[in-house]
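My questions will all concern the structure given below.
We call the chains A, B, C and D, going by the order they appear; numbering starts again at 1 in every chain.
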Amino acid sequence: MKVDSVLLLGMYESMLRIRQFENKAIELFAAQKVPGFVHLYIGEEAIAVGVCACLGDRDYITSTHRGHGHLIAKGGRLDLMMAELYGRASGYCHGKGGSMHIADANLGILGANGIVGAGMPIAGGAAFACRYRDTDAVAVAFFGDGASNRGTFHESLNLASTFKLPAVFVCENNLYGISNRQSHHMNVTDVSDRAGAYGIPGVTVDGNDVVAVYEAASEAVARARRGDGPTLLEYKTWRQRGHFEGDPGTYKDPAEQKAWIARDPLPRLEKQLQDFGFADAAAIRALHDKVDAEIAAAVRFAEESRLPGAGDLLSDVYAA
Amino acid sequence: MKVDSVLLLGMYESMLRIRQFENKAIELFAAQKVPGFVHLYIGEEAIAVGVCACLGDRDYITSTHRGHGHLIAKGGRLDLMMAELYGRASGYCHGKGGSMHIADANLGILGANGIVGAGMPIAGGAAFACRYRDTDAVAVAFFGDGASNRGTFHESLNLASTFKLPAVFVCENNLYGISNRQSHHMNVTDVSDRAGAYGIPGVTVDGNDVVAVYEAASEAVARARRGDGPTLLEYKTWRQRGHFEGDPGTYKDPAEQKAWIARDPLPRLEKQLQDFGFADAAAIRALHDKVDAEIAAAVRFAEESRLPGAGDLLSDVYAA
Amino acid sequence: MTQMTYMEALRDGMRVAMRSDPNVFLAGEDVGAFGGCFGQTKGLYEEFGPKRVVDTPISETAIMGLATGAAAVGLRPIVEIMFVDFMGVCMDELFNNAAKMHYMFGGKITVPLVVRAPCGAGFSAAAQHSQSLDAWFAHIPGIKVVAPATPADAKGLMLAAIRDNNPVIYLEHKGLFGLSGEVPDGDWEVPLGKAEIKRPGRDVTIITWSAMVGKALEAAERLAADGIEAEVLDLRTITPLDVDAILDSVGRTSRAVIVHEEVRTAGFGGEVAAVIADRGFNLLDAPIKRVTAPDTPVPFSPVLEAMFIPQAADITRAVKELF
Amino acid sequence: MTQMTYMEALRDGMRVAMRSDPNVFLAGEDVGAFGGCFGQTKGLYEEFGPKRVVDTPISETAIMGLATGAAAVGLRPIVEIMFVDFMGVCMDELFNNAAKMHYMFGGKITVPLVVRAPCGAGFSAAAQHSQSLDAWFAHIPGIKVVAPATPADAKGLMLAAIRDNNPVIYLEHKGLFGLSGEVPDGDWEVPLGKAEIKRPGRDVTIITWSAMVGKALEAAERLAADGIEAEVLDLRTITPLDVDAILDSVGRTSRAVIVHEEVRTAGFGGEVAAVIADRGFNLLDAPIKRVTAPDTPVPFSPVLEAMFIPQAADITRAVKELF
């Protein structure tokens, strides 16, 4: 295993941060403090965290409608995110974007995205720029099983492969596009089988095992940095909540839901940390306290921030 | 070999009809009698003919910008086509479509198409209708190597495979999209490798051998008629002319052009006919005379037809 | 007559059409057992089964192609694009093929299909899930565009759209889904291309459609209190535009205010204004005003979104500028 | 000043920009050694090499994404979409991402890119290769749209577009490629958002852009012979619209005729008419006329296409209706 205690603890903390941020979002959405669509990543945290652990600030990601996890894993600030979910002027986007539209150029976050499959072409452009500038930076596109049926998937992977771009395409296969089961929206079991259409490696990995996620991503990122072109990574996972908050997810089989919750990546990693002797119960508790405090502070920041005003409505349509 | 003399002679005649129609088009374009874009199929005739020999009037095809061959092979009338190329009121589309936009609903021809890759989704819809009506009819989409990089390729093949639609996707791989060599627009050698992404069969065949074309298409069509879903057929071929009339094709290697012309499907089939004893020189000559007479009649029909008038401009925008 | 919501009414329109014609089917993302993102198709899967109510992959170009190809060979597809905002994904399929096939092919092929597309702001759904793109569709010869504002029109236009022999874009406004009203029972159509006066008045014509009809009626009430009698003309069909109804009303009122939820520049209000400024110029006593969203993406924050959406107060203000 | 064609001038604009800024690159289908479908990019591959002049697969969504992603991280892409008719393929990428990113993300990301798109009829290229879609782009907040009519503007607007920090759609009219004219040498920009009077006149303002400028000038000559002095105002930039220039001219002439090659309904002429009918109403002595293509797909046959395209005679006829 290539992971050490610092890395593993860091990944645990990041996963926890995502989980607790979203647990808070559930509450705030129910309390009608957070409006709009809220798509939660609960249960899929190992993917964003394992992948982003291979990246630096110079690397780029494009995210999805289910973006909180990607943003936090890439270093996004909880306070600015929370304020954005609240629609406050202090938020990442001054309240103009909301949950589905958050970006941070300094961290290489090229945006969550409300259009399924729209991040892949943009990641292709960022990867092109990485190479154009002779850097070793890479661009990673996150997307779902459902998104892998969009034309943008095909065009982006083909372009990246043809140009040997430093890109990594990360499919988070949670087995559903809204209510539509993977077996009803495609005729292959593994999305990674689609890599063959572009002459690039395709790998399928347990997406609920952060170490496995990290290892596969390390290899793909290294390959991209070396100039050997893109990889298609597929991580199998499960969305524990409905498609968005408000969707009871009645199309799911309760037994299957239960089985997947038993494979929840967070307790799993917690157990590994303890088994390896990387952290004891007290250390874990301390991390929880730290993260909970961060989230409480983020909520406070959001609640104390002013709402945007008429000036904000018309600003930033065009860059100067 | 599953082909008999009637079939083979019929295919030869059809290929010849396409070839001579287009040789005439070269002349008429140069003489400025035929305006607009003219994309010629010369050298690729075996594909349209071999595939359409497996189809009946109840079956559907969608064609491309390089559509003369598909239309003629599916039974399109030379006089109406020629009049359309001339832009006459008697043409298939009353002069509104031209070379790139010809359809014949009665023959199941759902149109040539000026948008690369646009025929595949439409063929999917026609295939859906074939099944919806409990018929054994099928829909065939013709498209190029370049078009196989379009998102529509991906979405259509995925939909057809998921729904097990009676569709056949026929890639005419002539190694170029305009000036762009296949090796510069994709990172796989065989377009048929893309079938794996949809869990359907993918087959690569010599597109200049009409018998091989026919045999592969027979199997794919039979499979579709049986309800076993779509197939991706790739036929390797060569466009002997420029991308459109007026393009000198300087990006081509003259030696390669020469080698491919040596594999021209028409003389090849002619030789087979003679070798098998299906036709002697006189029979072949008679076919030539017949086809030439048809084409001369088509030109006469076009030249004697009136031009469209102001009434035609505004009619048929909406169906009643 | 039955009291029902706009959503129930549009569903009723689909149901009546599907019962009366086996060639009508419905396809789209999550339209099956899930019942549609907002519940619009609830119950149709149960009644008509998986053959006629078809869940598709997330593949808008394939969906539009499915509709186009099936229609071209004689079926009557209804397809749902989950939000009108996603129409950019399949714009090519719509405008270069579905819309043009009849003309390009000299009338040889007809393409009777309906695209249902929920539109509009008001849910903090932000820039990619809140748009109105009416003018884009209106700019495509060969298609028709409807945008019902009431439950009755939602049903009647649905039936007429399904039975029209051309591609019809059916813009269902998310903000109207819950609106209740009387709806005629059974098989009942509202003809395409006919505007309707939703409130008569002699002083000014407010020309509008979709969710802005309600805002205009609200504004008209307020204006009446100030002695201005506004006529509210609901276009119902955007294209073909009912020019006669517009000129007739403006001929009586001499003043026109156009209201739409689209952003201002190159919105459909421009077309309406241009028609009046040409053919109705001599009827006018005052400038033609437009009340529209500003030229910005739709913002997320509820406070910003409320400023983005034209409100009754914006309409009364614009009307008063004309007196 | 050098005499050159419109095509040479737009190429010169690209060349100057690429020489002065290594972040500028060009990508599209067959833009490399082939030199572009009409020859627009001839010589650029030879000068700047395959790194900066990039042939792409036939993948318009990936091309638009390439531009968007590269621009978002600081490069200045120019991408060619071979015909503006294909913009429907990548409309989503343009309008939901490239155009909105700056606003949605609170100004955190800027997207300086240029999309070159040949437009217009006149070549019997039929319904899918001959369109003008100006109004569609004008309806997208966050992008700018330019449509040069002369070689000098072709160069100057190209340079300004490349250096603008927003997505700019550069509509190059196929019918103008061969037009010759004087073009300033070196690094010379035409500011975005500024219309230009191409012919002064006191009796009527003809507002137009792109290939219709030539038709309008031709019409103005003929009208002059009949004693009507038409002012021809070339918008050059469609959005942001130079409203001041329009109102200033109409203020002097009291009459407006808008001419465009787009189909009529919901074309950009509606926007221009609406602006005048609101803010310039009191300046007007006559109805506002539009001279446009009819609401049909572009027909193939040269005789039909000539009827489809607005001609000088159509313009003179419309102008004379105002007197």
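General observations
Methods note: contacts are C-beta pairs under 8 Å (C-beta built on N, C-alpha and C of every residue); 3 or more make two chains touch, one makes a residue touch a chain.
For reference, the UniProt names are C, D = Alpha-ketoacid dehydrogenase subunit beta.
Treat the numbers as computed from the prediction; the structure is a model and nothing was measured.
The set of chains touching subunit B and also touching subunit C is given as A, D. Just to note, of A-D and A-C, the chains joined by more C-beta pairs in contact are A-D.
Each chain's centre was taken as the mean of its CA atoms, and the one lying most distant from subunit D is A. If you average the CA atoms of subunit A and of subunit B, the two centres end up 45 Å from each other.
Between subunit C and subunit D, the centres computed from C-alpha atoms are 30 Å apart. Each chain gets a centre from the mean of its Cα atoms; for subunit A and subunit D, those two points are 40 Å apart. Subunit A and subunit C have Cα centroids lying 36 Å from one another.
Shared interface positions of subunit B, i.e. residues touching 2 or more other chains, are given as 93, 95-97, 101, 113-115, 149-152, 155, 158, 162, 184-186, 317. Residue positions 56-57, 59-61, 85-86, 89, 92-93, 96, 103-104, 126-128, 141-142, 295-297, 299 of subunit D each touch two or more of the other chains. Shown here, the protein chains touch in all possible pairs. Within the complex, the subunit C residues that touch subunit B are 25, 51, 54, 56-57, 59-62, 64-75, 77, 92-93, 96-97, 101-112, 141-142, 144, 165-166. Remark: subunit A residues 60, 62, 91-97, 101-105, 110-111, 113-115, 118, 120-130, 132, 139, 151-152, 155-156, 158-159, 162-163, 315-320 touch subunit D in the complex. Across the interface of their complex, subunit A is touched by residues 149-155, 158, 161-162, 184-188, 193-194, 196-200, 229 of subunit B.
Residue ranges on subunit D touching subunit B, taken from their complex, read 29-30, 32-34, 37, 55-61, 85-86, 89, 123-129, 294-297, 299-304, 307-308.
Residue ranges on subunit C touching subunit D, taken from their complex, read 85-89, 91-96, 99-100, 103-104, 126-128, 133, 135-136, 138-139, 141-142, 239, 241, 258, 262-263, 265-274, 276-279, 281-282, 284, 286-290, 295-297, 299.
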